[in-house]
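Paired with subunit B in one complex and with subunit C in the other, subunit A is shared by the two complexes that follow.
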Partner chain A sequence: MKMKRVMAISKKEFIHVIRDTKSLVASLLIPITLLVLFGWALNLDVDKIETVICDFDRSPKSRELVSRIEHSRFFRVIAHPSDMAEAEEHIMFGRAAIMMTIPSGFGRDLERDGSPKIGVAIDGSDSNRAGIGLGYMNNMIMMFSNEVLKDKMISLGVKKIDPPVEMRQVVWFNPELESKNYIVPGLIAVIMTVIAAMITAMTIAREWERGTMEQLISTPVRGQELIVGKLIPYIAIGYLDVFISVVMSIWVFKVPFNGSYALLFFISSIFLIGAMSLGMLISIVGKSQLVANQMSMLIAFLPAFLLSGFTFAIENMPMPLQFISKLFPATYFVAMVKVVFLKGVGLRVLWYDTVLLVVYCALLFVLAKTKFKKSLE
Partner chain B sequence: MFSITKVLQMLFKELNQLMRDPKMKALVFGPPLLQLIIFGYAVNLDVKNVRTAIVDYDRTPASREFTSLIRSNGYFIVNENPDNAEKVVPMIDSGAVVCAVVVEKGFMKNIESGQTARVQVIHDGTDSNTSTMVINYLNVISGKYSRGLQKDKLNRMNAKRAAAGAPAIRIGAINVEPRAWFNENLESKNYFVPGIIGNIIMLVTLMLTAMAVVREKEIGTIEQLMVTPIRPVEIILGKTIPFMIIAIFQSIMIMCVAIFWFDIPMLGSVPLLFAGILIFIISCLGLGIFISTISTTQQQAMLVTTFFFLPAMTLSGFMFPIVNMPEAVQYITYLIPLRYFLVIVRGIFLKGVGLNVLYPQFIALFILSTVIFSLSVMRFRKTID
Partner chain C sequence: MEKEIAVSVRDLYKIFGKFHAVDGISFDVPKGSIFGFLGPNGAGKSTTIKMLCGLLTPTSGTGRVGGLDVSRESDAIKRRIGYMSQRFSLYDDLTVEENVVFFGSLYGLTGAHLSERVEYALRLADLLERRGDMTSTLPGGIKQRLALGCAVLHSPEFLFLDEPTSGVDPISRRNFWNIIHEFANSGITVFVTTHYMEEAEYCDYLVLIYKGKIVIQGTPYELKTAKDIHNIFAARTNSLAGLYSLLSSRGEFSEVNLFGDAIHFVSEMDGGRVKDAVASLAAGAGIDLESVEGILPSLEDIFVMAISRADAAGENGNGANGAKRQAVKKA
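Up next, the complex of A and B:
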C-alpha cells in the first residue's frame, strides 16, 4: 500500500465531497435535525395524560379524590362529563386516554366497611401510555385509600400514626428521569450510521454506475488503497458530526456528562471506522446507488435505530431478537456511549464491549477489502 | 393530448427497470418484514424482568415477608443478594442490576413498636422510562404492605374495643376496576404494527420515487425521454404508478401479517382503510416528486429524503406521543400527512370506527395530499421544460 496513491484517491474524493454542496450541507444538517428532534421535541415521558372523570357521587370524599387527580402532574383532566355516554365519546374520538368513574355511594361505602369500586377505563390502543397511566391511577387511589384509613384512626384517638413502611427511592445518574438523557447519547451512534449509510454507501456504487470505475481500474491504484483513500474524507465528516453531536448534547441539551472525553473519543473513533467500512462494504456489494441505499437502510440504519437499544430497551425484547441485536456493532456502541455519558464509568467496566467493537470493525474493514474486486466483468 | 398507451409504456419500462435487479425484489420485501418483526416482537415498552438486588440488613420474618412481595411480584428478577449496601454500587455501575432495595436494620422492630420502618431504593435512572415504571411498581408494593399493617392494627384495636363493649371501627377499601378498551391485554404490538403500514409507505415511496426520477437526470436519460413525444404529466404518471402499485402491495402484505400472524384485531372497514391508504400514498408520491425537482444526483435525493423522512416519522406520533411534544412542535405535526394516516389506521384497526369519527383526519389528509401533489407536479413541469 503506497501512501501517495492513498492520498491521491482521498484528495479526489475530498473534491467530490466539497463540490457537492447540497450533500455536504445535508450531512451536517441531518445530525443537527436529529439532535433537535430527540433533545427537545420528542420524549417518552408519560405525563399530562388526558383524563375524563365522571363523579356520580359528589360527596366530600369523591371530590377530594378528584381534586388530587386534577393536581397531579400525571393527569390533565379535560372534562367532567355528567353521563357515561358523553365520557365514552371522549375515549372513542381519542380526546381522552383515561376515563374514571366514581359510582354514587362511594363516600358512604368508604366510611363504612364497604368496598366502593372505582371504574378506570383506558384507551388501550396506545398501550404504553395507557398502562403507565393505569399504574399512576392505581397508586394514587391506593394512597388515598390509605390516608382515609389513617384519618379515621386519628379521629378515633390513635395518637401516633406514622406510615408503617416508608420507601425512599433515589434515582442515580438521571435524577429527573428525563428520557432525553437516555436517548440523546445513543443518538451519536444513529447519526454515525445514517451518515455511513447515506454518504459512504454511495461512493463506490456511484463510480460503477457512472462508469468512472473503469477509469480508476486502468490506473495503478490497488484495491485497498482505493478503499482507504475513499474512507478518509468520510471519516473526517464523521468526526465533524461526532463533534457537533457531543457539543450539542452537553451544552445545548444539558445531558449530564460524567465520563472521560478521551474514552468517548476513542470508542467513537473505532465505531466510526467500523460504520464507514460497513457503508463501503454495502457500496461494493450493491453496485447501484439505489440498491446500496436500500441495503444500507435495511442492514445499517433500521437496526441502529430500532434494535440497538437507542430508544427501546433490549432487555424487554424476546430472546431471539436480543441475540440478533448483538450482531450489530451499533448495539455495543449505544450501550457504551450511554454509560460513558451518564454513569461515567471507564474501561474497567467497558473493556469487554470495547474489545468486541474493535474486533467487529476490523472484520468489516477486512471484508470490504476482500469483497472489492478491481476488475471488469 | 394525454395518452393512456404512453403512460402504460412508461409504466412497463419503469416496472421492468425496477424488477430487473434481483436485489431490488428483496428490498421491496425486506424493510416491511424487518419493521414487522421489530415492532411486532421487539418494541415492548412494558417493563418486565427488572434486575434487582436486595440487601436485607434486618433479616427478620417481617423483612423477609416484605422482600418476598418484591420477589413474587412477577416484574422483578432478584439476581443479587449482597450482604452489604456498598456492594451495590459496582453492580449498578456495570448494569448487573438496575435497582437495589435496601431494607434497613430495625425494620421489624419499628413496625412492631408502631414507628416507621424504612426501606431505601436506589435506581439506575439511565433508562428513564423503565425507572418510572419500577418506582411505581415499588410504591404499589409498599403501599399495599403498609395498608395490610394498618389493617392489622385496626383489627387489634377493634378486638380491644369489642372486649370493652365499644362498637367496631369500620373502614372501606377502594377497589379499582380497570378495563382497557380496544386492546384488553395492553399489548404494544397492537399499537405499533398497524402504524407500520404508514411508515413503510412513506419510507419506500418517498425514496423510490425521488431516486427513480433523479436517476434519469443523473444518467442523462431524461433528455432522451424529453425528445420522445411523451408529455411531462405522462412521465409523472408512468413514474409514480409503479411505486403506487408497490406501496399498495406492501400495505396488503403488512395487513395480512398483522391480522393473521400477529392477531391484531381488525375491527373496522377494509375498503375505508384502502381509501385512506390511497390518499396517503398520493401525498408521499407528491413529496417524492418534489424532492426529485430539488435534487440533481441520487445521493442528494437520498439525503433530502432522509431529511424529510426522519422528522416526519418521529413527529407523526408513530413512536412518540404528540401530546408530549412542546406546543410549537405540536403545530408543526399538523403538516405531516402521516399524522392523520396513523389516526385513521389505528382507529380502523383497533377501535373499528368509521368515517363518522375519522372524517376530520380524512379531510385533512385529502387536502394535504391534493396540495402537495399538485404543487409538486407544477414544479416538475417547470423544471423539465
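Up next, the complex of A and C:
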C-alpha cells in the first residue's frame, strides 16, 4: 500500500465532499434532526394517562380516592361521567385509556367492614401503556386500602402498625428513571450507523455509475488503497457527527455523562471504521447508488434501529432474532455508548464488547477489501 | 526486418454465460503502430480492449502486452499502459488541474516530475489557460483530449483508446488523430477502436471484428487490394434514381448503393462484361449512362462485404445489406 496514492484518493474524495454541499449539509443535519426527533418524541415514560372516573357513591371516602388519583402525576382525569355508557364512549374514541368505577355504597361498605369492589377497565389496544397504568392504579388503590386498614387498627387500639417488611430502593445511574437518559446515548449509536453506512455506500457506487471507476481501475492503484483513501474523509465527517451528537446530548438533553471521553472517542473510532467498511461493502456489491442506498437502509439502518436493543430489549426477542442481533456491530455499540454515558465504567468492564467490535470491524474491512476486485466483472 | 510485437493475442475468448462476446481471436500488434479495431456495436471491441488492459479476465486463450500476460500480470501491465474508456471518465466536479494531478499521483508521479507531466498533459489538451475550470464546463472535444492527457501522464508504452472520438466534432477529431500520430511516431503503440470509416484510413493495421470473431485483418492497402474484393464498380449517370432502382432489381448485382454522385455495386462478373451488361440494361430502360468502371473499394465497402460474407457463411445469413452497412456505420 502506497501512502502517496492513499493520500491522493483522500484528497480527491475531500474535494467531492466539500463541493457536494447538499450531501455535506445533509450528513451534518441528519444527526441533529434525528436527535431532536427521537430525543424528544420517543419518550417511553408513561405518565398523565387519560382517565375517566365514574363515582356513583359520592361519599367522603370515594371523593378522597378520586382526589388522590386526580393529584397523581400518573393520571390525568379528563371527565367524571355520570353513567357507564358515557364513560365507555371516552374509551371507545380513544380519549381515555382507563375507566374507573366506584359503585354506590362504597363509603358505607368501608365503614361497615365490608369489602367494596372498585372497577378498573383498561384500553388494551395500547398494551404497554395500559399495563403500566394498571400497575399504577393497583398501587394507588393498595395504598388507599392500607390506610383505611391502618385507621381501623388505630381505632381498635393497636399501637405499632408499621408494615413488617419495608423496601429501601436506590436507582443507580439514572436516578430519575428518565427514558431520554438511555434513549439519547443509544440514539447516538444508531445515528452513527446510519450516517456511516449511508455516506460511504454512495461513494464507490457513484464511481461505477459515472464510469470513473473504469478509469481508476486501469491505473496501478490497489483496492485497499482506494478503500482506505476513501474512508479517511468520511471518518472525519463521522467524528464531526459524533461530536455534534455528544454535545447535543449533554447540553440540550442534559443526559448525565459519567464516563471517559477518551473511551467514547476510542470505541467510536473503531465503530466508524467498521460501519463505514460496511457501507463500502454495500457500495461494492450494489454498484448503483439506488441499490446501495436501499441496501444500506436494510442492512445498516433497520438492524441498528430495531435489533440493536435501542428500541426493543434484546432479552425479550425470540431466540433467532437475539442471535441475528448479535451479528450487527451496532448492537455492541449501542450498549457500549449507553454504558459509557450512564455507568461511567471503563475498559475493565467493556473489554469483551470492545474486542468483539474490533473483530467485527476488522472483518468488515477485510471483506470490503477482498470483495472489491479491480475488475469490471 | 520483422517489426517487434507489442501486443500479441492468441485464441482469446470471453464468454458471459452463453454469450460469446469474444469468440477466439488472434492477432499481433507491431510496436509503434496505430492498430485500428473496428466492428459494429456488440462485436466485442470493448471487451477485447478491456481484457488487454487487465480490466476483464479472459475466459481462455492468451493475451500479452509488452510480453506480460493479461490474466496473471495485469498489475504490471497497468503501470505500462494508458487507457481511455468509451465513456468520458474523469471527475466532473474536479477542476482540470485537480483531475490531472489526481491521475498523475495514482501513477506514482511525484514532485517536479509530476508538475512537468501535468504541464505536458495540459498543453496536450490545450487547457493551460483553463486549468482552474471545472471539468464539467468543458466541451466534448476538449474533454476527450483531457482524458487522453490523463492517460499518457506516466509516459506509457502502450495506449488503448476505446472509441476516443465518438461524439466529437470533425475538427476536434482531426486534431485528436494528429496527436495519436505523434504518439505513434515517438514509438508508442496505439490500439484504437473506432466506428468512423475515415478514421480506419489513418491506421497502420486494421482488424474487423464481428460477432466476436475476426472477419478480416491487414493494412488498409492490403485490404483494398485483396483479390476477392476487386469487383466493385461505380456507375455514373444523370438519372441516379432510375439506375439505382434498375440495378437493385437485378440479381446479378449486389450491394447497390448511392455514393455521392455515383452508384456503387458489386458483381461476380469481370469488368468488361459488367460494363456491357449495365450499358444494355440502361439503354433498354432509356437511361443515359455516362460511365461504368471498376474502382478501388473504400474500407467501408470492404467491411460491409466482409460482414455480408460472414453472415452468409453463418447460419443466420439473412440480414439485408443496408442494415449491415448501417451497423458498420454505427459501430
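Please note the rule applied: the second predicted complex is superposed on the first by the 375 of 377 C-alpha atoms of A that agree within 3 Å, B and C clash if a C-alpha of one lies under 4 Å from a C-alpha of the other, contacts with A are read in each partner's own complex, and residues count from 1 in each chain.
Just so we're on the same page, contacts are C-beta pairs under 8 Å (C-beta built on N, C-alpha and C of every residue); 3 or more make two chains touch, one makes a residue touch a chain.
Just so you know, these numbers come straight off a predicted model, no measurement behind them.
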item: First (subunit B), second (subunit C), both or neither touched by A:Val252; value: neither
item: Partner chain in contact with A:Ala79 - subunit B first, subunit C second, else both or neither; value: neither
item: First, second, both or neither for A:Asp20, with subunit B first and subunit C second; value: both
item: If touched residues of subunit A are counted for subunit B and for subunit C, the larger one; value: B
item: Partner chain in contact with A:Val291 - subunit B first, subunit C second, else both or neither; value: first
item: A:Lys2 touches, of subunit B and subunit C: first, second, both or neither?; value: second
item: Subunit B versus subunit C as contact partner of A:Leu28, first or second or both or neither; value: neither
item: Contacts of A:Ala362 with subunit B and subunit C, given as first, second, both or neither; value: neither
item: Residues of subunit A contacting subunit B in one complex and subunit C in the other; value: 20, 210
item: Residue numbers on subunit B that touch subunit A, as the complex places them; value: 21, 23-24, 27, 30-31, 34-35, 37-39, 41-49, 51, 66, 92-95, 111, 114-133, 135-140, 142-147, 149-151, 153-154, 157, 169-188, 190-191, 203, 207-208, 211-212, 215, 218-219, 295-300, 302-304, 306-307, 310-311, 314-315, 319-321, 323-326, 329, 343, 346-347, 350-351, 353, 357
item: Interfacial residue positions of subunit C with respect to subunit A in the complex; value: 50, 53-57, 74-75, 78-79, 81, 83-85, 87-94, 98, 101-103, 105-108, 110, 147, 150
item: Complex contact set, residues of subunit A against subunit B; value: 20, 22-23, 26-27, 29-30, 33-34, 37-38, 40-48, 50, 91-94, 109-132, 134-139, 141-146, 148-150, 152-153, 156, 158, 160, 162-175, 177-179, 181-182, 194, 198-199, 202, 206, 209-210, 286, 288-291, 293-295, 297-298, 302, 306-307, 311-313, 315-318, 321, 325, 338-339, 342-343, 345, 349
item: Subunit C-touching residues of subunit A, taken from the complex the two chains share; value: 2, 4-5, 7-9, 11-12, 15-16, 19-20, 210-221, 374-377
